[in-house]
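Here subunit A shows up in two complexes: once beside subunit B, once beside subunit C.
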Partner chain A sequence: MENIKADLISKIKSTFENVTEKDHDGNRLDFYVNKKIIPSILTHFKVNEGFIHLSHISCVDWLEEGEFEIIYILWSPKDKIKVFVRTRVERENPVMPNIDMIWRQANTYEREMREMFGIEFEGLVGEKEFVLEDWEGMPPMRRDFDTEAYADETFWHRPGREDAMDVREAIIERSREEIPDFAKKYSR
Partner chain B sequence: MREKATTLYIGPQHPGITGNMMVRVKVEGDTIVKATTEVGYLHRAFEKLQEKRNWLQSFTLMCRFCVPETDPMEELYARAVEAIEGREVPERAKYIRVMVLELARLASFMLWYGGQNGSLGLYTMGQWSVGDRNYILDLFEELTGGRVYHMYIWPGGVRRDLPKGFEKRVLKTMDYLEKRLDDYDDLMFDNAIFKKRTQGVGIVDKDKAIEHGVVGAVLRGCGIKSDIRIDEPYEVYDKLDFIVPTQEGADIWARALVRRQEARQSIRIIRQVIDMMPGGPVYNKIPNPQKWRLPKGDAYVRVESVRGEVGLYAVSDGGLKPRRIHVRGAAYVHAITLLEDVLVGENIADVSAIMNSLGTCPPEIER
Partner chain C sequence: MINDKNSQKIADFIKNWARKHSIWVLAYGTGCGAIEIPPTMTSRYDAERLGVRGAATPRQADVLLITGYLTTKTLKRVIRVYEQMQDPKYVIGFGSCTINGGMYYDSYNTIKVLDKYLPVDVYINGCMPRPEAVLAGFAKLQQLIQEGKATGAQKYKENHEYYRGNLRKIIGNKYEMPLYNW
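So, the complex of A and B:
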């Protein structure tokens, strides 16, 4: 396993520039790359290195750093290795290259990321609406989207349940028991 | 003369659809020329909610991702958290987890038997298999208190040890189900209607499978031997003896044969696990959940469910709450790009049979 990983790292580093790697325990290997080479490096993995299965594409919003991180997880049935290809894209007007010509299912992931994070994929085909309907506000999976404010604006509380607005207060009033401080802190 | 094309909406509420989703099909006569999957009827924003809850609170949402199979999701979450934190799991808990996962697989196979036959109008099978599934749910109720949602496999092990004499009751149920599976064969695989409706229908060949990232029984049904339990063994699957069946037909019939054999393999695994199960503790206690911080890091783990590979990508930023939880369901890949491709050229009447065969589970797509 270690030999295969070392071999793979040297092959990738000799083929692509500005690639850094991180070797994890077990069968996992991470590569940090620039977003421009995503289609070429993924094609290389699929065609030349036997990583024929695209297991997952995920997106993480690093709000504090002003960036989205996009992670492509590939699996090689031959070598039994998982490769994470990681790239970053700025949060302001994010644009990523499209890879659905390499794996067709990437189309679904990209449509979802476009809708949930507001990331544009160059030349992505497919209906704009995926899960949400008539959504015009901020893409909801972004970290700065306030779910509670959205719920308060969009929905209303059922009348007759005013005392249940703050559950903890209602419990204290009814039972006259003290609620521990940590419970107060973590409720609501 | 070219027939005029009509657009039909199958779902979101339709007995043949495996949940709340819609397939918009353009048909010429009875033949589909274009299909589009539309989802959005079941979006509950679980992944967003989990970012707002602490690590233990967000665990309770996991089993609700896909109703027919709840335990693989719990297993994923538990293993992802353990991988990030480096928490050890007691040996006995690993065996119990495998037993629960295989019981869950069996229960899910029973639902599939019913769904696959029901989609072709053969309703007797559904009544038999869903009835027999209740015996497995009874076992779950005894073990966990819940029939469908268990919340039993959690970070650090399992929630409680097996009740007294539980193993015997599991083995007794297995003996019963093994006999019943033979009855199912007579009803399903010796049935001329089932053969005629499934052979050569819904073909996913090797090239298409790799192009679309297909997993599970659909992949094994086209001759590719692939199973997470063998490829990337988790818990104690590397110590167990079982086979991964494959078929060459690549149609609904081939996938049904694969699942038929897999159900028997699950019974075999459960017997082995009970035989090999060691004693000892079942739970490596987690700290106070309100103050439970995971170190910075991420993990991607996978489990083989009845529908195929399910994965979970979890990210921790060192805080009390998950930074990101992202589930990769088997249906996410199967029910959109693949289904739209496979349906072209098929008959309208076969839509729901194909959906059942591909393991479509809409809640897993929207999450």
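So, the complex of A and C:
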């Protein structure tokens, strides 16, 4: 397993520039790349390295850094290794290269990301509307979308929730249980 | 003879007695609560001994179960299904999500209070209610039917504007809902 990983790292680094890798325990390997080489590096993984299966495309909203991180998870049935290809894109007007000519199923993930995070993909085919219906305004999975405020102004609430008290301190007092420091900051 | 008070009373009693022993539930599940229906229906709890059984289409069903959280997208279909059902018809709200939103109280796409949109006859609380609780809910509904108090459908007819107005506030003006006449 370690031999295969080291071999893969040296092959990728000799082919592509500005690639950093991070080794994880087990059969996982991460590559941090620029978004411009995404189609070429994924094609390389699929055609030359045997990573024929695209497991997932995931998106993380790094609000403080002003960026989205997009993660392509690939699986090699031959070597039993999964590779995470990670790339960053700016949060203002994010545009990503489209990879649904490499794996057709990527289209579904990309449409979902377009709807839930507002990321545009170049030349993406398909209806604008994917899961949500008649949605206007900010895409709901962005971290600066205040879902509680939206729910308060859109829906009715049944009265009675506002006196929901934090009972943890009373429970601790009664049971004389010690609470770890990191848990205290989650107290309401 | 039929306008005679006592005859009417006897007729109502027989009618309600017949209705309470043939509660047909529409086989339609929303949210996670639908998983509690198979154990309720099958041999362990055997709801059919109370006359509760599944119905294939809205026009054959008497009870609409809202089993758990209801998204705005599903709400449109649920209202449409409810309006297609024939009188007498009843609604059971199932789980805490239909009562006050439950764990989805701050979600952007689930409704919190079901009785703004549908006239609910019985609420079953719990997250999730076990089959015993479901059977208790059905028993309560039977009792209400026998006493002639399960008048949700009547309420919906009389306050149609109110329910439709609430629905319109949630789904906006883009989505066209057909109007079924009664």
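In this text, the second predicted complex is superposed on the first by the 157 of 188 C-alpha atoms of A that agree within 3 Å, B and C clash if a C-alpha of one lies under 4 Å from a C-alpha of the other, contacts with A are read in each partner's own complex, and residues count from 1 in each chain.
In this text, a contact is a pair of C-beta atoms (placed from the backbone, for glycine too) under 8 Å apart; a residue touches a chain by one contact, two chains touch by 3 or more.
Note that the structure is a prediction, hence the values are computed from the model and not measured.
Chemist: Hey, is it subunit B or subunit C that touches more of subunit A?
Modeler: Subunit A has more residues touched by B than by the other partner.
Chemist: Which partner chains sit in contact with A:His157 here, subunit B, subunit C, both or neither? Use first/second/both/neither.
Modeler: The answer is second: A:His157 touches subunit C but not subunit B.
Chemist: First (subunit B), second (subunit C), both or neither: which does A:Glu129 touch?
Modeler: first
Chemist: For A:Thr108 in the superposed arrangement: first (subunit B), second (subunit C), both or neither?
Modeler: A:Thr108 sits against subunit B, while subunit C stays out of touch.
Chemist: Which of the two partners, first being subunit B and second being subunit C, lies in contact with A:Asn27: first, second, both, or neither?
Modeler: first
Chemist: By the touch definition at the top of the document, which applies to A:Pro77: first (subunit B), second (subunit C), both, or neither?
Modeler: A:Pro77: touches subunit B, not subunit C.
Chemist: Where on subunit A do the contacts with subunit B and the contacts with subunit C coincide?
Modeler: Looking at subunit A, the two contact sets intersect at 132-133, 140, 145, 147.
Chemist: If we count contacts the way the header does, which residues on subunit C are in touch with subunit A in the complex?
Modeler: Of all residues in subunit C, those touching subunit A are 72-73, 99-101, 105-109, 111-113, 116, 166, 170-172, 174-175.
Chemist: Looking at the complex, which residues from subunit B come into contact with subunit A?
Modeler: 36, 39-40, 43, 45, 47-49, 51-52, 54, 210-213, 226, 231-232, 290, 300, 302, 309, 311, 313, 315, 323-324, 326, 328, 332-333, 336-338, 341, 366
Chemist: Touching residues of subunit A toward subunit C in the complex: what are they?
Modeler: 132-134, 140, 145, 147-148, 150-151, 154-158, 160-161
Chemist: What does subunit A use to touch subunit B in their complex?
Modeler: Those in contact with subunit B are residues 27-28, 52-56, 58-61, 71, 73, 77, 80, 82, 84, 103-105, 107-108, 127, 129-133, 140-141, 143, 145, 147, 182, 186.
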